[in-house]
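The structures come next, written out as structure tokens.
Look for chain A in each of the two complexes below; its partner is chain B in the first and chain C in the second.
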Partner chain A sequence: MILVLVGVSLIVFAIMMLIPEGQRVAIYVTGEKIRNEQIDSLIVKYGLRDPAPVQYFRWIKNIFKGDFGHSITASAPVIEGFKMYFPVTLELVLYSTPLIILVGIWLGTIGAVHKDKPIDHFTRIFAIVGYSLPTFWLGLMLMMFFYGLLGIFPPGTISIVGKDILYNPEYHQYTRILTIDAILNGNWRMFWDAIYHLTLPTINLVLLSSALIMRLMRSSMIDALGQDYIRTAMAKGADKKTIYNTHARRNALIPVITISGLMFAGLMGGMVITETIFARKGIGLWMARAATQLDVAAIMFNVLFLGVVFVVINLIVDLIYAWVDPRIRLT
Partner chain B sequence: MNSVNNENSTSAINVDYEQPVSQHPALTEAIFTVKRFIKNPLSIIGLTIILVFTLIAIFAPFLAPPENERDPYRIPHDGWTISPSPPSADHPFGTMEQQYDIFYGIIWGTRSAFKIGFSVVLINLIIGVILGSIAGYYGGLFDEIIMRITDMFYALPFLVVAMALVVALGRGLQSIIIVMIILGWPTYTRMIRGDILTIREKDYILAARASGTSDLKIIIRHILPNSVYSVLIVASMNIGATVLTAAALSFLGLGAETGYADWGQMVSMCRNWIVGPPDARLAYWYVVFIPGFVIALFVLGWNLLGDAARDVFDPKMRRK
Partner chain C sequence: MEKLVEAEELRTNFYTFEGVVKALNGVSLVVNNGETYGLVGESGCGKSVSVRSMMRIVQAPGKIEEGKVVLFFNEKDRNKGIDILKRSEAYMQSIRGNDISMIFQEAGTALNPVLSIGFQVGESFLLHRRGEMIKLAVKTLDKKIDENSNSLFRMWRKFHKRLLQNETDDLERYKTEIVKIDSDLYRTEGKTDSKSLEKHKRLLVNRERLNKQGLKVRLQLKTPIIRRYVRRINAAVREKVIELLTDLGVPNPGNIVDRYPHELSGGMQQRIVISIALACNPTLLIADEPTSNLDVTIQAQILDLIRQLKKTQISSVLFITHDLGVVAEICDRVTVMYAGDTCETASVKDLFKEPMHPYTKGLLKSVPKGEIGEKLQTIPGTVPNLITPPSGCRFHPRCPDVMEICKSQKPEMLMMKDGHSVACHLYRKK
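Coming up: the complex of A and B.
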């Protein structure tokens, strides 16, 4: 775990070192304009020409101090930018992840139980289309159809009316997650406003990410249904629903859990694109902007952050895996 | 995938009552495979899609004659008018921002797509086969080092790291290809290593080793042919996935410069034209729809092909 984290930091650092010094200086410059002549002295001042190991340890030291440099795109220190953007992303993750998992498992089970029937072909086509469609294109199409043609589900995170409520001194922003804040404030208008803006991005992510889970769930459920104990249960005349839901599905879930870590990687990528399309000011959009405007500090921070999140998620997946499959716990 | 049949080891179980037994087992196997492949409608669709794209790529100079022979990837444009114009006789798919011809971009973009997909997957495959077989066959310290490196790569979300790397190397299609090679090889290395680990323990490898066959010959003649199907299936699907990722990076504004015949670049140009003027809100549908649709079709083709190939080649699925 620690080793992997060190590895992640090394890769991020290596990527950073590929960037010319003149651009890396931007990490340390806060706000003010600098002239070309100054760049050289700044490079020396921040030791950007030191040997790589020295720079690496200095960088790590700064990270532990919570100093990630200055972000041009957020026009604030990176950590402030993060506090601003992260809740928006978290909110989308909060709504889409359970849906992705549920839809994937549900469709996969249906496909397996009705193998080679029309409904199975339908779910298979859904899956193939799901992972063939470019995230950005599906998003654009959704937006064109719903917002463009029907005029509903606009892009952004909140309407103008919602913004007024948001900056009202009586409205407290506890978590900065819009829907949760709305509930805590008892402001239902705000809640529906946020949900209204969340709908399309969530649909986009669910359509694309659940395909992977669905596919695996289908094949692993078919595998489970072919086992001897299922035949035994069938022969004993057990209720079909019980067989599917408790006997087969529980065992079929095991490989699905291992892949869900992988799904998260896809979700993070999908998040960058989804937020860009639907103009949601989360870390995905921040990264996309930072990438086009060479905001080195923001890019590196986000890669590091998402890398760490990903490592932690994989650890959690391993723990769940051991919990679901006792065979692993015992060995 | 540990027991993928090769021609030599299947003859015993391969007696198909439709075929005369005297036929060479490899031939029986090939006929059976082709039959199964043709029976599956999805595989035919996939194959057709890829064939059509291949033809388009080959005959690009005839389908859309370039204005400038030396730089055919530059999409010609009529003037500088900002707003796109709808399909017409001159421009069958309409034009994008600054009047770049969409039809021309699609045709020549097919070549770009094949270039991206093939170069990335081929190089990754070579790296994967070399590193994977060494790590899997010999094990030991080398194996440990390579696996820890792939662990590190696996610990990072692909698109996010790819974005950072493209920024570091400088924007452009070239950088995107390099980045996907840098980030792509661990998948293949791991897969081939895993395959080899299971095959290595088989009796026929032991027999080959006992009879004094050299390591290199064992790997090339006896191990790789047994794991090649599973790897090729993944490779076929990855050609689509590679083009998809490249397009995603282009969409985020990290790809080729404006006017280059690349599908991803064309999609990124359409971002300002999602919703038309109030009286005709879908006025610019062609700018958004066509390039993305072509990408989706290309990826779908490779996925269907890979999916069908898996069903055909997987010994567990094939004789049910």
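Coming up: the complex of A and C.
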């Protein structure tokens, strides 16, 4: 695991080394304008012409100190930018992932149980449509329909009224996750405003990503229902509900867990499009901007961060695996 | 001899992509009370499918097309019997595992890999003997109430006792309702006038709908914290499972109950499968090739176990195998099957002494006798494809004594002498 992280950091560093030193200076310089003749002295000052290993270890040392450099797009140190953007993304991921998994598992189970019946065909059509629609297209369509045509759901992270509440000195931002903060402050108006703004992007993500989970769940559930142990359960006199919920589903969940973990991590990275369309100021939007403006520090940090997310999610997936499937337990 | 189960003209098809597999072509067999009945044939001849049809657990894409499976279990329906193919699914669930249960081949795949042994064996108790289990739980709870003087614990335990009592009351109510519907069903069954038919249909629907638990019990089972009283039932079940495993000669049962199937050896897995089937003392035990895929020594142990259980616990065994040696060892009466047809039924002695059907003769000739350098005889040809089975007698393309009539007409079961019948045109009275 640690090896994976070292590998990620090496790759990130290698990418950084491809960029000319003149641009890389930007990582270290905060705010003030630099004149051209200053650049050379700054390059020397931050040791950007030192041998690569020396630079790498210096960079790693800075990371451990919590110093990731200065982001141009956030016009603040990277870590400050992260604190600002990350909660927005995390909120969306936190709301959509459980929904994606629940909807996917639920529809998949229904499809498998009523195999080749109309309801199964319906879920399959849902899956094919959901899986083949591009994110940006569906996002734009949802926006056009619900915001442009009907005016029901808004884009963005928060309304103007919400902003007033947010910057009110009496309102404390504990976690910077809007809905949780609203509950902690007991401010229901803010809470509903945040939920209101979350609806469209969540629908967008759920429609697209639950299709995959659903397909997987359906096929692995059908596979599980054809196994011999289902026959044993039937011969015991178990009713249908027990057979589906106790005997088949747990076996069927094993492959779904793997994909769910990867999907959760993928969602964090795949936010670029969704957040850009719905104008939510999250990591995805930040990354998109950083990439277009060559904000090296922000890009490096985010790639490293996604690497960490993947590693942690994989660890969690392994733990859940062991809990569901006794064959994987070590003891 | 009293009949226990009778299958009449069972026809089961499998609707596969390649076509309709006509797996059973009118199989009839009778298992009498107190006998070990063998079902023999090569693989794919429909042995397993016929017993699965008898228990109504044919998995998709299979479907039981027609026929009758009549049970003569209770005193009440000794004369008439119950046709279980016409009964509701709920009724079947109350019979499976309770009156008829089944041992499967390949215990490794017949056990659920993600559930503990204790759960899988105990499930039978929970499904059919929940009342008794609750009684056991109440008993241990009573003891604890007496012992402990701490008033808080006392209150908690008394509360649990109350909840358990709720469940018992509910089960009683359910039982009386079920008995009523079943007796009504029994009365309307077989009548052909439209009024009775309608009533029968309605009763079937009611039987299916009958909720196993009332609202109160469902609530107490679903509410967190309150539902913790279920652990007391589970503890009682665990005790029962350990008892059962000890009876079956499983070493170290207290440890085994917390294990998972993959941690056990093949023989041990087969014992667990047997214990699942025996949990509720069934009247009929169906053993579907319980000894295939096991070493010879383990095979002998399992056969011994079944023979012993036959003496002590269960009245009849329906034993499926392709091994004629096992048949000779364990069975009283045998039916030989070929490609979804029953060929010959006889007592074991008769079958081995004077086989009548050409297929049985061929089968007996192809058993190795254990002589060195012996050349095995085989039956020429191969098992037919059951999507397009041969016309008439399904054995005719391979039969040494084939006649013209065999190709067009399916032979009927002919009673040759007491207890020995054969389905072959050779023995037709001219």
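By definition in this document, the second predicted complex is superposed on the first by the 324 of 331 C-alpha atoms of A that agree within 3 Å, B and C clash if a C-alpha of one lies under 4 Å from a C-alpha of the other, contacts with A are read in each partner's own complex, and residues count from 1 in each chain.
Here, a residue touches a chain if its C-beta (ideal position, glycine included) is under 8 Å from a C-beta of that chain, and two chains touch if they have at least 3 such contacts.
From a predicted model like this one, the values you see are computed outputs, not experimental measurements.
After superposition on chain A, the partners chain B and chain C are seen to fit next to each other with no clash.
With chain A as the common frame, chain A serves as the apex of an angle whose CA-centre rays point to chain B and chain C; its value is 80 degrees, to a multiple of 10.
Once the two complexes are laid over each other on the shared chain, residue contacts for A:T276 go to chain B alone; chain C is not touched. Applying the stated contact rule after C-alpha superposition, one finds that A:K115 touches chain C and leaves chain B untouched. Of the two partner chains placed by the overlay, neither chain B nor chain C lies in contact with A:I316. In the superposed pair of complexes, A:A235 makes contact with chain C only, with no contact to chain B. Contacts of A:V54 after superposition on the shared chain: neither chain B nor chain C is touched. Put chain B and chain C next to each other and count what each touches on chain A; the higher total goes to B.
In the overlay built on the shared chain, the residue A:I15 is in contact with chain B alone; chain C does not reach it.
In the superposition on chain A, A:L102 makes contact with neither chain B nor chain C. When the two structures are aligned on their common chain, the gap between the nearest CA atoms of chain B and chain C comes to 5 Å. Residue ranges of chain A in contact with chain C, taken from their complex: 115, 225-239, 246-247, 250-251, 324-327. Interface residues of chain A facing chain B in the complex, by the touch rule stated above, are 3-4, 7-8, 10-12, 15-16, 18-19, 128-129, 131-137, 140-141, 143-144, 147-149, 151, 264-266, 268-269, 272-273, 276-277, 287-288, 291-292, 294, 296, 299-300, 302-303, 306-307, 310-311, 314. Across the complex, chain C meets chain A through its residues 52, 55, 57, 59-60, 90, 92-98, 101-102, 104, 106, 109-116, 120, 123-124, 127-128, 212, 260, 262, 273, 276-277. Looking at the complex, you find that chain B touches chain A at residues 42, 148, 151-153, 155-161, 163-169, 240, 244, 247-248, 251-254, 267, 270-271, 274-276, 281-282, 285, 288-289, 292-293, 295-296, 299-300, 303-304, 307.
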